[in-house]
Structures are given as C-alpha cells and as structure tokens.
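Here is the structure we will look at, set down as structure tokens.
Naming follows writing order (A, B, C and D), and every chain is counted from residue 1.
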C-alpha cells in the first residue's frame, strides 16, 4: 500500500466563492473533501493542511514551514504531494530542491488554474494525476499539471495560456 | 404552450471565474446554456441577453434599456423573467412597477448569491423556480428566490444572511 | 414559514446504480440528501421515507400506507409533496383524490424520468418546482413535472416522449 | 507532444441510462465528450470508437477487431489507451499480450465500476490516470484503475469489492 502525505497550502485550487465579499478567496481547506471523491484502495493518504494562502502572498517563513514539514515527513519516507498556488509553485519547489538532501521518494507540486468545484476546474484532474505520479516517478521534485510532468528546474508558468511549459 | 421571454442583464448569476485575472466577473452570457439543462416541453422560451453587468454598476440608462425592452415585449404578452444582480434587483423592479402600465402578465426578477456552475450555486434553483412562477402567478412584478415569492414592493436583500426578506 | 412534509416512496427519482448487479434499483433514500442542495430559508421541511419501490411494484397495501400517512399529516395541515415512480404516479394520485375529504392544502406528486445524480436527470428540477408549487397552488392534488402543473384527473404519462401530458 | 490513441469498446464506463427501458445500456460513445473535460495541452489525442458492448458479450471476433486496430496503430507508435468493460478487460489484455510482438509503447486498459456521469463514477478518474500512465510507463500492457497500475498478467477483478487486485 502506497504511503502518501498530502500537504495543502492554499492557492487557486482551494479558493472558494464568498457571498459576503463577492470574491474568491482562500478561506477553508478543500483538498480533503475532494480526495474523498477518488477511489484510492491501495493508498494510505494523510492530508496535512499547513496554511491556506494565495501563493503570491507566501513569505520566506511560509516556505520554511513547508520545508520543515517535508523534512519531518521524510524520515518515514512517504510519497509527498504538495498542493500550492501556481504563481510561486516553481519557486517553492526550487527552494525545496536546493535545501533538501538527496531524496528517496518523489515530491510532486500541483495546483489548479480554476478552483475545485467551479465549472471547468482542472483541480481534480491535477490531484488525480499527482497521486498517480508519486506512485511511479523516480525520487525528485516535480510539477504535475494537465497530463504533464516537469522536473522542478525545467518548468515555468505561462500565464497567458494558463499552463506550465518546459524550460531548458 | 407558455410563451416566455427571459431578459438577461448579468449579476452574480452570470459571473464566471477568469484565469487571467483570478477574479470572478461578468464576461459572457450564461443563462441560455443553463436553461438547456431544464426540461421545458410546454414552454416557448426566448432568451434576450441585454447586458452583462454587476448590478452595482447599473446606470439609469441601463434601467431605461430594460424598461424599453419589457415595453416592447408586452405587446405580445409573454411572461417575462429578468435575471439580474441581487444588489439592485429590487431597485430595478420598483422602477418597472412605477413606470409600466397595468400588467396582464407576471414579470419575475431573479438572480443568485453564488454564480451558476460554482459548487453550492443557487442559480439553477432560482431559474427553475422563476420559470415555474410566471406560469402560475397573477400579473404583477415579483422577486423569486430560494423557494420564496415577493411582490417587488415588499422585499429587500439581507446581505448578512445572503437572502431576501419580506418588508411591509 | 411554510410547513412542508415530503413523503418519499421510491421510483426512478431515487434509483441508484449498483456496482454489484450492474443495474439501477431502489436501494436507499435519496430525497433528503438532494433537498440539502436547495436553499429553503422560509420552509420547515420534514422528510418521511415511507417505502422505496419501483412504482410498477406498488400494491394496494402500499397505496393504503400512503393514504394513511397523508391522513395523519392533514390534521396539522402542512403542504405535502410525494415523490413517486412515474409509471403509477397518476394512479396513486387518483386514489388519494377519491378517498380524501375536501383538502385545505395542496398535495403535489412528483418524480423523475432519470434518477437524481445521473447526468441529465430531471429530478432536482422536479423537486424544486414541487416545493415551490405547494407554496402557491390552491388546495387539490397535482402532478408537477418539467415546468408543468396538472390536476391529477387531467394527466397521463406519455412514455415515448418521457413526459406527462394533459387529458380532458 | 504525446501521440495518443484511445480505442473505445463500451463497458460500464460508457453505459447510459435509458428512459425508455429504465435500464443502463451501451447506447452511445461517451469517451470523447468526457476527454473534453480534461486539459491535455501536450497531448495529441485521437479517439477511435470501435464498438459499444457490455464486455460480457464480447466475442472472439470482437477481440480480433481490437487486435487488428492496435496492430494497425502500432506502425505509428502512439501510446494506446483502450476503454473496456471490467468483466473481461483482463482477458482482452492477455489476448493482446500473447498475440502482439514486442511492444515499443505502453498499452493501457481501463474502464469503470460506475458509468461516466453517474454520481460517484470512477470513470473520469480512471481516464485521467490512464492518459497520464501511458506518458510514463515502460512498454507493456497494463490495467490502470483507482490509482493502481497492474501488468496485465498480474491482475484480476474482485467483484465483491469493485476493484482490481494483484495476483502473482
């Protein structure tokens, strides 16, 4: 059985519509509820809601918190999925790559362009792919989105097309 | 067969999430597509997209346009549903009531607290109720939302509870 | 506040897909869960799951049970919605009409052509309309489906078109 | 860009509810429409609807047709996903394995326990995983379902639990 930790940090994937402010915002954890829609009979998933922030507002301290949690987890060597805002997902991934020792498991960063539960959301697709990816990928840090896998040092977000693209 | 005209003006019910701006906004007509999800075998529906605005930005000119379109329609005496932002829905309804001559059909204003297609949206419920209401109600101008019917001069929006309430 | 009792009896509207048998069947109550998707701030709803049967298998005893429950409720005069299979919905309605004394509230029978939760289902539309109808209709027994209201002695199911039609 | 062929053959994943017969059946192709819900910017997908059958009714001739289509495709070496009923998915996979020469691409068989578009369906999850799997897996024939990957000669369906399990 796959041992899998999911760290949630907010970002578009977890945004909800607020009737009081008529805006979308990071108000509640959403990932756990959506994982409940997937069939994962061979997966022992633990969801850890660490923060709930637009990734443009993430600070160095926030990234240190993510690193600390990942380091603590690595002793038990579960696969790790981190849900994250797309705007600074690569930045966080590169920070983890520079700081962590050689990995023995894959760490996948994922998120969404449109929030979970909104028509046309890519959130559940990306979650599904990420949970599948950590089962197969070699150790390393990756971004998984839209049927693609990128090593974290070969990817950037392309805002105009709402996707991630390869960089050399 | 019920002859029914639906005038769409924007408001929350038609807002969509924009991946470019990470906000919700009135960008496209949505009502027609959602009406396609309802079974209306005894209903001859014509959808007229008039504008697509947050109702807080509606001007006197916009309300004159709505009035002009309603007046033009009334010669053929169809039932009329107007989809509208909730913030100034009552204001538009009162304006129509003060200006229109004695009605021979019901006119129903409706909208939503959460956009169509977002999880937990009340939009399709309100549309369903409004299309049903114009079949049964006496001539007059009403707000129909959340299983309730209000004559337009006896209703106000209660923002804190995201609902409409009766006023004497 | 509208006092509303919903009696559920099964029928297509409550059918679910069984992975064990690869068929659809009446296995569990569904109505209560779907009512939770509607906003009913001015409605005091009580759901009474009475049976869960394909209406082609309903017996005289079953109809007596429905009648007994309705009679018991009528002392408190709530509006009543009965969810029911479409094949014998009219038969049950006519039986209630012949047996019940003069009504002081509307009783609405409704159901669906495709089960709740299946793509293209008309179940939530019909529920929404029925809950709205009992708020407005005069006392009497009705079938409410697909934006239409029929007095129970002027309606029949038209199987080929999956709808109900008026009969004189 | 990933070159991907999807062969559809029916099975539960493509079953729909028929209002005329009140049963679920293989009536229309569904896969293409559901693939449209996924974001596949780096994927050149071609969908080939070959047949639309409950897999318990598949004949030797049907399996020969699948083989012939796969063989024809292999000259261009796209990845291949085959959607298939779960009851004989393994049988078809083993037949392909015994007959095909050494593969240079992965072939993934997938399906669903509950049809696409029914509440609680695992169909879109399995499609998402399969399209991702063929991007990463080594050449060979696999069953991909519910976050798991099985070489086709190490898997059987476990009907009681509605899942696939490993066999040695």
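Criterion: contacts are C-beta pairs under 8 Å (C-beta built on N, C-alpha and C of every residue); 3 or more make two chains touch, one makes a residue touch a chain.
In this text the structure is predicted, and so the values were computed from the model without any measurement.
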Moving only to chains each one touches, count the minimum steps from subunit A until you reach subunit D. 1
Per the C-alpha means, the centres of subunit B and subunit C lie apart by a whole-Å value of 28
Taking each chain's centre as the mean of its CA atoms, how far is subunit B from subunit D in angstrom? 45
Distance from the mean Cα position of subunit B to that of subunit A, given in whole angstrom: 39
Residues of subunit A whose C-beta touches two or more other chains: none
Which chain pairs here would you call touching? A-B, A-D, B-C, C-D
Residues on subunit B engaged by subunit A in the complex (per definition of touch): 12, 17, 19-20, 22-24, 113-120, 159-160, 162
Contact footprint of subunit B on subunit C as seen in their complex: 2, 38-43, 113, 122, 124-125, 128-129, 131-133, 135-137, 146-149, 161, 163
